[in-house]
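Here chain A shows up in two complexes: once beside chain B, once beside chain C.
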Partner chain A sequence: MKRTVLIPLAVAMIASVAAPLRAERLKVVTTYPYIASIVEQIAKDTVRVDALARGDYDPHTIVPKPSFIAKLRKAHLLIINGAQLEIGWLPPLLKQANNASVNPGTRGFLDLSGHVTLIDVPKSVSRAQGDVHPDGNPHYYIDPHVIPRLARAICTKLSEVDSRNAAMYKKNYDEFAARWKAKRASWDAKLRRLKAAKVIQYHKNMDYLLIRYGLVRMGTVEPLPGIPPTSKHIAELEKIFESNTIRFILQDVYNADDSSRHLSKKFGVKMVKVPHDVGAVREAEGIFSLFDEMVRRLTQ
Partner chain B sequence: MKRFTVILLVFIFSVAIPSLRGQDGPDAPKEPAQKELRDDSPADLPNYDDDDATLEPRNESKDPGNGSPDEPENYDDEERGAARTAPKRDAQSMKEGTTSSPFSQSQFVPDISFVLDASYNHRDRDNEIYKTQLRPGFIQSMSGEAEHEHVAPNAVMRGFNFNYAELTLYSVVDPYFDLFAAIELTTAKVLIEEAYFCTTSLPFGFQLKTGKFLSSFGRINEQHAHNWDFYDAPLVYEAFFGGDLNEVGVRATWVAPLDFYLMIGAEALQGANAASFGATGFADHNETMRVRDSDDPNLGVGYIKTSFDNGDLTVYMGASGAYGRSRINHGVDQAGVAGTAIAAHSHVLGADLTLKYQFDSKRYLALQTEYLYRFMDGAYYAKNETDIVEEYALVKRQSGLYAQLVGKFAMRWRAGIRYDLLAVNDIKLDGIKESLPESLPRYSAMVDFNATEFSRFRLQYNYDHSMYVPRDGSFASRPNHEVVLQVNITIGAHGAHAF
Partner chain C sequence: MSDILITAFALSVVLVGIHAFFGTEIIRRGIIFTDLAIGQMAALGAAASLFFIDGQFVYPISLGFALAGGLLIAWASRHTDNLEAFIGLMYAFGISAVYIILSKSAHGMEEFQRLMASDILFTPQEEVVKTAIIYAVLGVVLFALYRRIDGFWKDALFFVSFAVTVTSSVKLAGVLIVFALLVAPALIAIRVGGGRPLVVAWIVGTLVNLVAIALAHRFDFPTGYTIVFCNALLALLVTIIPRRAKRG
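Moving on to the complex of A and B:
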């Protein structure tokens, strides 16, 4: 009885030890789908990339699953958004994955937030202000101008972990950057027409885009980050609607939209459901179509 | 031990408090927490347009790979002075760097959190009657004659209860280990709930844990009470482990490099659990009977856990086994007390299954069930009327299970029902089956409101049909109705959710 269990176990353990010895595709795990999409642009088929979170779920509160542990266990490279966006779900999974090569601080770990400048870094941090991010607003990737920077960081990291293919990664990055630049020119042209438009968002997850194109942020539907709308707060917002011409209410796809819909109906202001990640809506299939769809929804 | 804990606490606070002050600085402007509703002064974003340039050697040369921005210079050459904020901050931090103590340790303070758990309990039995109740054959009594003082769960009296507070500390130790400690504080005592260090850099999917920790036996055992879906532990865990299996020892786990989750673990533990194990021998008051201490370590635990997803459904299964020697002494060493004791070899086997269906980002439905079986083989000691210890051959076969269905049906609300059962209760003394009640159930329902991840209010109702009182040499059923209003509050470090 004992032997029948132990022999397959020993075989499996030896196999796992031996597995890294034979050449295999680099396994990249990303926390969010948008990062996976950028990795695909840089690495094409040379790596296997898996995103843990679903793009249509709240990125702050991804529900952890043991299958994530299985993916992290086999990863050669883990790329995260950082700025504490993953703090509520990733650390125990990483701990349980027993994979020393993707722990923070190791070569197989990349925190993209270290490559950008974050806004709204709070001067003092208190949870009386809701679900605050001490490092600043973590939704920095919702800005077409920052994506090449992230792609470059990913390219550099891939070249470091897998130096044999460095030339190919660089070539792909150059192609990607050129395509992105062309695409971005058309997004810029469309979005610049929204300059000075006043908007209300559900959560401050579009700030980087709004600031980039000079839209005016007039408030959020949630009273504090992570706290659902209250009637008192909605009454305050209604005053803003009464004394300003609000162009849009920006609603994400994962929070309840009752309050946004109520405001939209009451003041005749359009509610736009903006995709925040690849997979948030059907049309956002990759990093290009994510921004295509974002721009289309904002400008149609 | 107590003194050590006090010293530890004093040390923690002496490190933490000055460091917190040091971070804010006495001259840091105290800004009131202001609600920012309107923000029409657009902050500047850096211009990343120079990134469009193809990758030049400067980028490939010196990225340390630690997530630090590779080229701060990139921010400099832009049209509209967009990088104003970043250099300003840098200058400020440099200034702080020159004024602060060169020996400051504040960055090394561990993650600290503090949990408070309190409840208001109501029961349709007086405390005096409740204290005499028991679950025959499972909790507190072998065959009815040993009535010594009760421990949890019967310790929860009616009215306000301060259940516990828990101080947790976590930090990476060095490149090889991390350390976690949970110090449980009650109004009367300080306990090390857990304190262990763990490897972080073993290859091939292995991990070692050493210290005092909650065993990974079964599904719920490893969870701290504040992560439970109900106010109380499942009956079968109360019966077999006195709540949980929390031991000093070593644990090794291995995660298989497969496309689905497969984890195998083994633990060597001291085996001090008072409900099923125990290493300390005993003798009666005049030494006519003596049972030696068992060999240490006394308890071995092993388990295998696996999980896979099918669309939005996650399936999680596990099988666990524990084998150890039992030395359980209920007053057999005291003169004039109707004491009993057990010396046996004990097995506890467990199987668990969790099915969790995620409807969307905020809502799920989870079914969780565990079945535990206990087999004890050894000797039972009981005193007769003349205070003389008599020995019987003991064989215990007992089992229990729970099944719970918990739904999160809105962002802040959850509700659940649970069915507990102590099922088989087969105890033979010298081959003769004891007359004990079988199938002891408890029914629970709960609803909880989570204002944020840090504050939870829970209302729970139990119909506890597992309670009995001794009567005429047998047992009479005494079911209880219980209502509990529980509050659980956390401050400090952000505890992430496990599955």
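Moving on to the complex of A and C:
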């Protein structure tokens, strides 16, 4: 009598625990939209992916909202840019979300910066020296040659967390990589024409792309990362403009562009607003159109 | 999710508890900006620690700066007729000094803002309990002593306890929330009238915070700014809308 009650009860209990796992789509949370866009390429609609930050905001400082914590709590997998780009806003969110399965070092966590070689890794880190990214420059994904590597890392991680769909992820990755290769050939052809062009950036967030295509970095509008331009620094920049032919000033979409505008007007050098992430400008709707638009703005 | 909102709400109630007292007092004395001036001195201490000694002893140093600021205002309140100007300039001095110091530090301003104002969403439960106990003790001390003493010592007690409170509250919830919770419920209570402004401020503040946190959750607004917005909006409305004539 007891057994006839207990067994169905036990079965029901196990089923109630297991059922959500089966029925529920894998929930992936990414810090930035460009990562979410790559995840969509690899997983299509087998997973639910949410990016925390918006693409048109300063990636260094994201204002936290209640939904961020809710998303992190429910997440099965968290994918971050890493290299300390999220250091200013993600750690307290993770702490409050208190979701042990997506904490750094666990299976449900992927730091993409571990799959690339970073530049500008400081020998010693001191605030006064002007370096707060001790891991190196974190804006590595701006180079189209790096994206497939990130996609592969995401594919591997998805397969690890959700092994039943591993074959599908692999197939989607192969398709993505092939499409990307074709696209990249056209971007390469256009960007290579900019070789040896001298540029000034607002922030050092385009370095990986500039180095890839052999552009010459002549300086930044901000005197130190995260510090607004000072008059002395602008005077120094003006000397660079006077004695060099600067092709353009690269400005991001989230910092004030007054100083870049001033330099652009004074020296007749074009200021180009370059999208740094999916959603930074209207045209950059996904990972492909982000690079399409970036290349279009740099070469038009 | 609800646990975090409850923690945020609990913190806002704890903050209203002590700040409503200081709020009614600074409105009565006409020195609203004392809060911002002291908060800015605490910020200057934190910036100095961050830049010169890599962020060591942030709390004691910023508390020291805040206490110095509080004592200076206490002194000035007896020795100058232009107290409000003095307080305003202390604020301007603090904020400009912070900018000058951090202008030599890469991403220093972001680091600094994190240090100075953690988001109310991120407050751990144990911090709320700890703060509630400290503020309760402080409240009892103020309640017992404040009416019995007079003259400079009264001012010194007021400004020192105010400096301590502002420094630790700002660390938990950010300068804007502390300012809003300090001034808005107290102003509403004074405006509404009645014999016990402190009790009215507590009730009003608690209700407004409850609504604000519910709104922030419902519409996914940043929690801290929603609390500031609701408190400020209600205080402005209560001030603008004419009071019913008492006679008739």
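Throughout what follows, the second predicted complex is superposed on the first by the 275 of 300 C-alpha atoms of A that agree within 3 Å, B and C clash if a C-alpha of one lies under 4 Å from a C-alpha of the other, contacts with A are read in each partner's own complex, and residues count from 1 in each chain.
Keep this in mind: a contact is a pair of C-beta atoms (placed from the backbone, for glycine too) under 8 Å apart; a residue touches a chain by one contact, two chains touch by 3 or more.
Keep in mind the model is a prediction, meaning the values are calculated, not measured.
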item	value
Clash or fit, chain B versus chain C on superposed chain A	clash
Touching partner for A:I211 - first (chain B), second (chain C), both, neither	first
Chain B versus chain C as contact partner of A:I227, first or second or both or neither	both
Touched partner set for A:G82, first chain B, second chain C, both or neither	first
Which superposed partner A:R149 touches (first chain B, second chain C, both, neither)	first
Contacts of A:S67 with chain B and chain C, given as first, second, both or neither	both
Chain B versus chain C as contact partner of A:G268, first or second or both or neither	neither
Partner chain in contact with A:G105 - chain B first, chain C second, else both or neither	first
Chain touching more of chain A, residue-wise (chain B, chain C)	B
Listed stretches 74-82, 92-100, 146-154 or 380-388 of chain B, narrowed to the one that overlaps chain C	146-154
Intersection of the chain A residues that touch chain B with those that touch chain C	61, 63-67, 69-70, 73, 88, 92, 95-96, 126-128, 130-131, 224, 226-227
Complex interface listing, chain C residues touching chain A	1, 4-5, 50-51, 54, 102-111, 113-114, 118-119, 121-122, 124, 216-217, 220-223
Residues of chain B defined as touching chain A within the complex	24, 28-31, 33, 35, 37-40, 42-49, 51-52, 54-55, 59-60, 63, 65-70, 75, 83, 85-86, 89, 198, 200-207, 253-264, 305, 307-309, 314, 316, 358, 360-362, 364, 411-412, 452-454, 491, 494, 496-499
Contact set on chain A toward chain B in their complex	9, 12-13, 16-17, 19, 54, 56-58, 61, 63-67, 69-70, 73-74, 82, 87-92, 95-100, 103, 105, 107, 109-117, 119-121, 123-124, 126-131, 143, 145-146, 148-149, 152-153, 155-157, 159-160, 166, 170, 173-174, 177, 180-181, 198, 208, 210-212, 214, 216-220, 223-224, 226-228, 236-237, 240, 254-256
Chain A residues touching chain C - in the complex, by the definition given at the top	60-61, 63-67, 69-70, 73, 88, 92-93, 95-96, 126-128, 130-132, 224-227, 230
